[in-house]
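Across the two complexes that follow, chain A remains constant while its partner is chain B and subsequently chain C.
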Partner chain A sequence: MGRYIVRRLLAMIPLLLGISFIVFALLNILPGDPVSIMLSSNPHITPDANTIAQLQAQYGLDKPLFTQYLIFLGNLFKGDMGTSMYTQQPVLTAIWERMPATAELAIAALIISVVIAIPVGVISAVRQYSWIDHLCLIGTLIGVSMPSFWLGLLLMLGFSLKLRWLPLSGMGYFSNGVGDVLRHLIMPAFTLGFGMAALLARLTRSSMLEVLGQDFVRTARAKGLSERAVIYRHALRNGLIPIFTVLGVQFGYLLGGSVIVETIFSWPGIGRLAVNSIMNRDLPMVQGTVLVFTLLFILVNLGVDILYAAIDPRIQYD
Partner chain B sequence: MRKTQSIIALLISILVLSFGTSMAATPREGATLSIAIKSVGTLDPHLTADHFDFAVLSQIFNTLVRTGKDSTPIPDLAQSWENLDDTTWVFHLRPGVYWHDDNAVFPKGESRQVVADDVKYSLERVLDPETKSPFAGALSSIASIEVIDELTIKLVTKGPDPFFLDAIRLAGIAIVPKEAIEQLGPSGFSRQPIGSGPFKIVRFVPDDQVALQRNDDYWKKPLLSGVTFKIIPDDVVAVMALEAGDVQLSLSVPPSEVDRLRQDKRIRLYRSTQGWYRGLGFNVEASPFNEWEVRKALAMATDISGAVMNVFGDNAIRAYGQVGPGLVGYDPTLEDIWPYDPDGALDLLTKAGFTPGPDGILQRDGEKLTVEIKTMNEPARIKIVTIMVTQMRKLGIDAKIAIQEVGTWVADLQGGNTGLFMDFAYSGPTGLQAMFHSSNTGISNVHFYKNSEVDALLDQGSVTIDPEARAVVWKKAQRLLMEDVVVIPLYFEFGYTASDSRLNDFVPQQWNLNLVSEENNVWLSR
Partner chain C sequence: MEQLETAQQTKLSPFRQSRGWQQFRRNRLATLGLVIVLILWGATLLAEYVATHDPYEMDLANPFLPIGSQGHLLGTDNFGRDVFSRIIWGGRASLTVGIVVVGISASIGLILGVISGYYGGWIDLVIMRITDLFFAFPFFILAIGVIAALGPGLQNVMLVLGLVTWPEYARMVRAKTLALREEPFVESARAAGAKDLRIMFYHILPNCLGPVIVMATLGMANAILAAAGLSFLGMGVQPPEPEWGSMLNEARIYMRTAPHLIIIPGMIIMLAVLGLNFLGDGLRDALDPKMPTARQ
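Entry: the complex of A and B
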């Protein structure tokens, strides 16, 4: 197991290098240069050739591409991801600051989706083709196809503007009490978690159906176990294994931040940071966010694989 | 009886009136104002060109001069200024202005006065290439900076510069304390800036909020006890936040929400006095737009006034030149220099050799007349261009719209990968120079237009101090440009700001947010 983990961790190095090169190359192929975009944002400044050339030199953009990449790599090995060209903040600090907000939203959304999806999936599998199964089917169909910005705006209209129960946007702070955090969290987490719940519920249903048809379930029933025990102790534990993989991947995505939900709810997460830096062609920031995403994604998947072994004793790594 | 009744009515109305006026006239102190703002990047004034950043910065910092209600310069850190000659400016600083205290640099009660050396340091910091300030170019006309005494500073420009006061009143040229920059470093300063303005920083949480509190030692005590900028990236959500009472001021209101907000009595809408210039530009080097007849025909081919009216109603006015009403150089006689005349347009195209092909599309030597209008992705601009494209197609022009992401659009315009395109919005006093002078080709003159006569006029305009003389020169240049059909001016789009109707003494401005200035002191009634 230990050797397996070390091997997986070592495999990350070429992967991260490869990703960093691809991102670097892509950003340079992309039309638009950061200095011109920055200057064109203010019609009151007339960018002149001198200012542009001077700024480009200051940011090292006048050097050949490969030299730029080598400088970036050199700094990276020193643990320096550079500073944002737009806000002048160190890239790592900027990412680190937004991580808690993103993690808070991701975990909450994950919990909401699991809490909705597992019971819904189990019930529709157990009562296959009943009216409740059809109802769940329709519900999940709506969940999968409803755009999150629409659901988000609808929730805001209802719960903030009309009923005035919840704050419209922004994040709550523990310094204002747990209530403040929860009140701010509930709508964005639900918006983000709902679509995911729909997907998970469909998966749970099919996975459960498969397990319920297997021999050990029949044996359990033949032993005279109660239906409850059969479903929750025997079938569900086995049915959850494939769901776990999907949950891991989804959680990895969530840690990358959800741009739409973060924008609608003014959530200070990492998704907005990434998209804004792409829009501004803020090269160091884009590099930094993508590398951190990649790293997190790999780590989460590694974590899931390790947990696998814990849940299912049949799986062993060596 | 009737007499008594009327006396009572009169007394009541006097009472109501006096009560009403006294309510409005007694400013309430101590409220915190929440403002919805689209984004806040950095709070180091010398490192940003973003006008949302400026809104926050103009509360924390002073500039030598501020922009007042009618866009004229009003005193800020400089109490007065004089022109010794065409190139020499002397600024007399306001005594008793102190840097914010109770922070890492100036402990409570240990601040110091803002002096002429600070002004010198700040301007030099902007000019220093190491700073990477986008405003270095704006100050490039400065030849020397001389401290006369503690509160007097003399600036000499390389030549006569009528735009000098416009440049130094931008929030990006704020006055900053040297010791704070040195002690906190640029990245620390951009998060915990120390200025001398009416409000001081409490906290800046990126992408979430900037909280400010009143500077009790300010030379004009702010009536608001604090200001919180809530960062709300979506304009529609910002409007909802205003309606829900989460904020009392929203700095950007999308045109689609304007009519709805007008109906709401709890909300006050403000229209900007000057609109943003929007127009189509030609790349005059690209075929067939290098032909004057083709450009002129396209300018006449569509009903621009109708399209503008349809899309904007009274949220925009038709533009006939690049300089808008109310600005030096505005020329009303340019109106309908190329009126809507589809038949005339077709005649011109026929003269240029275009004839309808078998598919009805105009062509010449087997080549279709293709017009692709490139625009950035913005709903109103897309609507206008779509209307124009539809009308052009009716005339047999193979017209289409290309919607681009901002970075790509900028790159295409600057690289000349264009024919007809939604133009840059450089406006204000230096807009003409930026958009049409040959020295700016490929940067802000993306028309690749080179006309020595226009260049000479623009050069003359940029050194003419007298506004009336300058207006004459600019009008001449503008007429030449319009006759040459380098651009098809479309409209001036008004910006909207919306506030809670309890907000008082607030005057919205396109490029500034004055909450406390010589002219006003914003407050919130109960």
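Entry: the complex of A and C
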């Protein structure tokens, strides 16, 4: 187990180098000079050749490309992702400040999606081809097809504007009580979790169908266990293992979705920071947010893989 | 592409062909999906005749007319533009996105996948490491990162989504190629003196077509959804050009006064995506009898 973890960590090194190169390339190789792009978006500055040259020197853009990449990489190792071209704040500080908000939203969405998906998937597998299975199938396809930004706006329309039950947007704080946090959290978290719930429910269904056909389930039935015990104690535990492994991949959808959901609900997280910095043409900040999102994604997948090896004794990695 | 399809048809036995068609017809959801797709795309292609108004024509005296108003089937927006006509014309952007994105990603993925699986060795290693790298990014995050560098616009959105989604096809085609490479019909083609290129593109790729069609249908749904999301964030189609995602974005600030401006474009996006998902799901059941999700 220990050796497996070390090997996985070592395998991450070339991957991280590749990712850092792609993110670096976003700013430096693709067409368009970042300094003039940034200046052109700010009406208060009239760019002249002198200012441009000065700024290029400041961001190291006058050096050869490969040198720039090495400097970028060296700075990354020191935890320096550059400074925002817009607010002059260090990129890492800005992202770090918004991390808790995004984490809160993502975890809540994950919980909501699992709570919806597992029962739905189990029920449609147990009652395969029944009307309830068909209903769940249509429901999950609708869930997958529904744009999250539309669902979010519909919820706002219904629960905030019409019924006036929930605050329209923003994030609650624990200093105002847990109720404040939950009332602000529920709509964005549901919006984010809904699409994922649909995907997870489909996976749960097919995974459960496979497990229910296996010998040990027949044995459990044959020894006279109640159907409930067979399904929940024997089948579900094994059926959940493959679902657990895709949770890591699904987390990527969650991160992508958070960009949209945070924007709709004015949620002060990294996703909204990413969108705002794209609007402001703040390329170091865009780089930083893409990099942090990708790192989160990789780390979660690594964690899932390692936990998977720990959960399922059939898997041997050494 | 057409050549590949005819090659596929001649190779399949009539029995399997008819079985797939039977299964597809039995799947009512897939048929419904096909109908939705045909209606929406038909209306979009014939926008000149279907739309009742010029989608850009403003009528500032009549903004925010509700659904079912005189002369405006789905009402009007904040500039008094006819919503029905904007929806119909807006479908062109989504239709184009779906086709172009799948065209880019499937072509890259098919070619790299078949090369990777056929030659193996270091070529395979390099190509697969590149796909790993793409899979390491959360897809939507990478897309907005590249849009940030390239700038907004429909062309860039299509390019980006195409370039970000090809690894899926590459992996699948590679796996298929690895299996097909050892088949007797490939051996016999080689023995008959067929060149590598001919074996790859004439003998192996046509046999990957089933799963590719399924992947392309579902990929088109995802591309439309992602492009609408990007336009909603202001990174795709720019106003005043009609597009479903940007229509939703424009309508956001009038949510209180005119909720129908939110409800209609969102529902159309969902219908378009849902139709493709129904269809893709049904095609998977019909074309790949071994899949565990098969339903009757």
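Note that in this section the second predicted complex is superposed on the first by the 272 of 318 C-alpha atoms of A that agree within 3 Å, B and C clash if a C-alpha of one lies under 4 Å from a C-alpha of the other, contacts with A are read in each partner's own complex, and residues count from 1 in each chain.
By definition in this document, a residue touches a chain if its C-beta (ideal position, glycine included) is under 8 Å from a C-beta of that chain, and two chains touch if they have at least 3 such contacts.
Everything numeric in this text was worked out from a predicted model, so none of it was measured.
In the superposed model, A:S175 lies in contact with neither chain B nor chain C.
Applying the stated contact rule after C-alpha superposition, one finds that A:G256 touches chain C and leaves chain B untouched. When the two structures are aligned on the shared chain, A:L15 is found in touch with chain C, with no touch to chain B.
Residue contacts after overlaying the shared chain place A:I138 against chain C, while chain B stays out of touching range. Once the two complexes are laid over each other on the shared chain, residue contacts for A:M279 go to chain B and to chain C alike. By the touch criterion defined above, A:L26 lies against chain C but remains apart from chain B after alignment on the C-alpha atoms of chain A.
In the overlay built on the shared chain, the residue A:M156 is in contact with chain B and with chain C. Common to the chain B-facing and chain C-facing surfaces of chain A are residues 30-32, 153, 156-157, 161, 263, 279, 281. Across the complex, chain C is touched by residues 14-15, 18-19, 22-23, 26-27, 30-32, 129, 137-138, 141-142, 144-150, 153-154, 156-157, 161, 202, 206, 209-210, 251-253, 255-257, 259-260, 263, 274-275, 277-279, 281, 283, 286-287, 289-290, 293-294, 297-298 of chain A. Put simply, chain A touches chain B in their complex at residues 30-33, 36-52, 54-55, 57-59, 83, 86-90, 93-94, 97-98, 101, 153, 156-157, 160-161, 164, 167-171, 263-269, 272-273, 276, 279, 281.
Of all residues in chain C, those touching chain A in their complex are 29, 129, 132-133, 136-142, 144-151, 221, 225, 228-229, 232-235, 245, 248, 252, 255-256, 259, 262-263, 265-267, 269-270, 273-274, 277-278, 281, 292-293, 295-296. Residues 39, 41-42, 44, 47, 49-51, 129-130, 132, 134-138, 140, 166, 170, 172, 186-187, 190-191, 205-209, 230-234, 236-237, 240-241, 243-244, 246, 276, 405-408, 410-412, 414-415, 424-428, 430-431, 433-434, 439-440, 443-444, 511 of chain B are the ones that touch chain A when the two sit in their complex.
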